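As written, the chains take the letters A, B, C and D, and residue 1 is the first residue of each chain.
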Amino acid sequence: MLVAGRTGTLLLLLGAAVVASMPWWASSYHLQLASTALVSAMFALSLQLLVGGAGMVSLGHAAFFGVGAYAVYLLPPGLSIGLTLPAAALLAGVAALPVGALSLRTRGFFFLMVTLAFGQMLFFLFHDTPLGGGKDGVFVTRPAFEIFGLLWEVPRRQRAQVLLWVNLGLLIAMYAALAALMRTLFGHALLGIRANEDRMQALGYDTRRIKLVAFVIAGALAGISGHMWAMTEAFVNPEFLSWHRSAEALLMVLLGGIGALHGPILGAFAYVGLGEAATLITERQRLVEGLVFLAVVLLLPKGLAGLLPRGKEGGR
Amino acid sequence: MPAGSMPLSRRSFGALAAAAAAGGLARPAVAQGAPLRIGLMLPFSGTFAALGENIAAAVELYIAEKGGRIGGRTPQLIRLDDESNPANAVQNVNRLVGRDRAEVMIGTVHSGVVMALVQASRERGVPLIIPNAGNVAATRELCSPTVFRSSFSNWQPAYGMGLALAKSGVKRACWVTWDYAAGAESGQGFADGLKAGGGELVRELKLPFPETNFQPLLAQIPGLNVDAVGSFFAGGGAVQFVREYAAAGLKDRIPLTGSGFLTEGVLGPQGAAAEGVRTALHYGDGLDNPKNTAFRAAFKQRTNRDADVYAVQGYDAAQMLAAGLEATRGDPTAEAAFARGIRSARIDSPRGAFTLSPSHNPVQNIYLREARGGENRVIGVAAEALADPGTGCRMT
Amino acid sequence: MDLSGLFAQVLNGLQYGLLLFLISSGLTLIFGVMGVINLAHGSMFMIGAYLAYVIASLTGALWLALPLAVLGGLAMGAALEAGLFRRFYKREHLDQVLLTFALILLFEEARSAMLGNDFHAVPVPAILDFSVPVTAEFAYSAYRLAVLVVCLFVALLMFLGIERTRIGSAVRAAAEKPEMVDLLGLDARRIHLLVFAVGTALAMLAGALAAPLQSVYPNMGESFLIICFVVVVVGGVGSIAGAFWAALLIGLVDTLGKAYLPEIAGLVVYLLMAGVLLWRPSGLFAPGR
Amino acid sequence: MTPPILEARGLQAGYGEGLVLRGVDIAVRPGEAIGLMGRNGMGKTTLIRTLLGQLPARAGQVLADGRDITREATFRRAQRGIAVVPEGRGVFASLSVMENLLLAARPDADGRTPWPLERVLTTFPRLAQRARNRGDQLSGGEQQMLAIGRALMTNPRLLILDEATEGLAPLLRDEIWRTIRTIREAGLACIVVDKTVGAVLSVVDRAEILVKGSLVWSGRPDALRADPELMHRHLGV
């Protein structure tokens, strides 16, 4: 998997700076929209570890996003984000462990179907049982920020910009962490599995275990993004776990390009931008989306990242 | 819902509202005669599109009847299609309030989507009038000085049905529904109504929303030994359920009844299977009062469609909005006065005049109806001036 | 639990399962033979159902929809295979997922543009609009029984076609070892076209048959799609026999689950799948593996 | 002189970024039997796969009867009368023996059927006995016979046998070799790949030795037998 080269990194940093400066020139609505894109980018990035990293196409990844979001609801209100964020990651990771252990008994098509089915199972858990407050969704209290032991509840008027910066910071941290991870032995092993799992097995790697670790990490990261979504919108509902959202994230990954770590970030921004543009142009949003995805699959197999200056292979 | 999960502490909400009232928000230019931006967030596509269209048409009808001005201002309707999709609800509300700067909101049909509107209203102090969605929470534990309802709570019609059944001598009944909040809340109403009249709910049969494979439920009914079946379904699910109930040979042995949505707007496709099915709702066909006659004629003339309960709810939402605006001379941000205006108003509804309960839900008659020849004829009053209990509502 | 109630439930389960079989058989063959994941298979079901709705409301003769669904399905399947899917057999699963997800969006949007978004009931044909008492207290609609018979008949045809003809053995061979079929000089492209066309026709036929039972509504294909994936996984990819028995199993388990374990009805089928995966990761009837 | 049934000129092919065949020239004429020899990993199977079109040629040409078929699909090459018994046999496990055979049945390019079902069943009486059994119910030897019989059902002019005796008990191997000789006597051209060097040399007209993707030696079997050093160096015998 490509990690952006020097020019690419500069361009990404420039993009980050533009987003960070939005509070000075954009409306609060657009700040919120940008936050949505940032959180989507985190979610797609977590999926990229599976898809681009180890070639595992999961259709149930949204389940962990949802678990992370529901963590905010399940935890007592008024806690600091310093507690709730790790808790969300932990909860999502714990959910990913058995799902991954079972799903990874299979490969390819089966893996896809099985993750889809387990994702739906978790969806039903929140949709049909009282655990998650019902199918209509529930409001949540936003976790507070804690600075030197003092809880700081962000005033309403600054909330959009503070959340934008927090989301941006988390996305950058997640990207940097994943870029570093892909350079470790573990990252190399993942890419080796993507290239040829049997060979890696023959070389003595416990591939299922490596994939399981990746699955759990990806689940935990999806949980973080779910947490941030809940915090941004202060509302959670079972649709967060539905397979449509998993498919959307896959679309973002493909739109951005599976070959590049930064692909999902581009893909998420393109996807959110596309959705927004589509609402302005036509009532038939799905028509526009469907056509764009068709075009991407048919014409742009390397995704948007294929258009950025190439960097070096992270795995070699 | 655990108590700890309340969305906002009362205090912080109060602070917000105060900030809003003090002009912290972009304040509309009332004096300059700028148009009043009314956000209409309704389903204009998807399963509930027809409901959304009727609600919107009735709002327009009322504004037109008032000569295009309410509360001294010229309304500008901003339509936003929520597609009845809860996943996009928060973003859609952000569009409506953030991008399009709606000053008041009317919406919506879907009970999942309406939660996002309630939240936005509570957080931002933008008044909201709910023209359909009946989830009880909106006027119980999530009630708010800025949230009003012109329709019903899910509890109300089913309570009426249960009460009417028990009064007619039914001792044992079961409840069939989709496994979701509206079904459960209606079921509670049905059980409460039965109990109030001396009957008993013996079993709830549920299937996942929106599946229509009713056979596994229907096959259990004969074994339950009940005198009547109550149910909550809507739209196509209701069509299918009523027809399969008849096809299973149950209709002639165990009467089918339900919350009014079971036969609302779907009698055509239900055909003979619906004939004689009794339901309870806050509206019905053949409701004889001058206001209703005038309203139906005007609606028909304007839209070339027959008015239905959704049109009535939309019309009354516009009436409530007008009441609030008149009390504040066109300023929806004057929260307390706006709420007082609506609360003290007697809404001259086609369903019969009603007032609001302390938790902002209509106190209204629930009519008993019987499906006959494609109409839900009103045959009596199931529960008079019924108010939702409003359990857990504490307004600040 | 009373026995007559149980009997009615078993009948329900069989009828539901046979319907699932019609949809799953195409899905399992399309993946088994071509190695392509077709999420849009549920849309074919939806199109078949809407076709029945349109035919019934235009002509009043629902039975006309059945041959039309089959012919239309063959044509639609062939066009999709030759025009689109053929390019994706060698692509990654991800590309296939996104291609077919895009197709779902487009088919749904086309449906919405042409026929709107309302829920429509489709009347049962007058000749079958009566009920047959199956137990002392419970009657079964004649149409439902007719669907059961038609599905059984189609399943039998499928079985004979697959097990008793040379084309059938070519399809089974292609599902098992596609490269070997090539090496024997058989034109795999024709097999692909055939499989895709027949699979699509079956899904559309299922939709047309189910329309009076399910009503027609937006996104109706999706819930069937996911449950059919479970059928394919449980039965073993590429196996018609596997799809048949798994469909009956899932139909029964789902129906009985709803009747007797309502608290966890939504999960029962998935739990069953998890169990099968633990026991036999490639399904109960995986061919030749 | 008639052109070769199958010919490769300067053929290069490989997997991923690696090149396995580095320019191979080989030709099989009607009725001729060739033994393709070489240690594991030298490119024997890759050569066969490239000749059959299962692996694209990076450079060079494949010709059949003098016509360039480098870009032709596998099934069309098979229709030209080239049959293969692949490594691992490729028997369809879910099909019965009879279905396996009938699926392949096809007259040759001139519409003749020198190998009708009866002849195949006489050649492999075992298959007649197990006609109704499924592929996965056969023993290894029976599967091998089925694979050969199935290849014959296509009435080929050239039969490619890749590791036809691998994993079989000695008695069964002998039986397979006997059958191959029968097929040879019927005048079919063959390419034989096998680890048992002696047996291969006893049935072929010519041996070709493949080392690291290139043909390094070509000649009559007795010439190879007469050169133990060559055999040892390239074949490990």
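Here, contacts are C-beta pairs under 8 Å (C-beta built on N, C-alpha and C of every residue); 3 or more make two chains touch, one makes a residue touch a chain.
This one's a predicted model, so the numbers in the text were calculated from it and none came from an experiment.
> Using mean Cα positions, find the chain sitting nearest the overall protein centre.
Nearest to the common C-alpha centre lies chain C.
> Roughly how many whole angstrom separate the Cα centroids of subunit B and subunit D?
Distance between chain centres, rounded to whole Å: 77 Å.
> Could you tell me the distance, in whole angstrom, between the mean C-alpha positions of subunit A and subunit D?
The separation of the two C-alpha centroids amounts to 51 Å.
> As a quick test, compute the distance in whole Å between the mean CA positions of subunit A and subunit B.
Distance between chain centres, rounded to whole Å: 37 Å.
> Using mean C-alpha positions as chain centres, tell me how far subunit C is from subunit D in Å, no decimals.
Taking the mean C-alpha position of each chain, the two centres sit 42 Å apart.
> So which bits of subunit A are touching at least two other chains?
In subunit A, residues 124, 128 touch at least two other chains, as defined above.
> In subunit B, which residues are in touch with two or more of the other chains?
Expected reply: 45, 179, 208.
> Would you mind listing the residues of subunit C that make contact with two or more other chains?
Those would be 112, 266.
> All pairs of touching chains?
A-B, A-C, B-C, C-D
> Which bits of subunit C are touching subunit B when the two form their complex?
2, 5, 8-9, 12, 15-16, 112, 116-121, 123-124, 131, 133, 135, 137-141, 144, 213-218, 223, 255-256, 258-259, 262, 265-266
> Can you check the complex and tell me which residues of subunit B touch subunit C?
Result: residues 45-47, 49-50, 179, 205-208, 210-213, 215-220, 222-223, 235-237, 239-240, 243-244, 247-250, 253, 266, 269-271 of subunit B touch subunit C.
> What residues on subunit D touch subunit C, complex-wise?
The touching residues are 52, 54, 73-76, 78-79, 83-84, 86, 90, 92-95, 99, 102-104, 106, 135-136, 150, 154.
> Residue numbers of subunit C touching subunit A in their complex, please.
Residue positions touching the partner: 31, 35, 37, 87, 91-95, 97-99, 101-106, 108-109, 112-113, 226, 229-230, 232-233, 237, 266-267, 270-271, 273-274, 277-278, 281-282.
> For subunit A, which residues count as touching subunit B in their complex?
27-29, 32-33, 36, 73, 76-77, 124, 128, 133-141, 153, 156-157, 233-235, 237, 239-240, 242, 244-245, 279, 283
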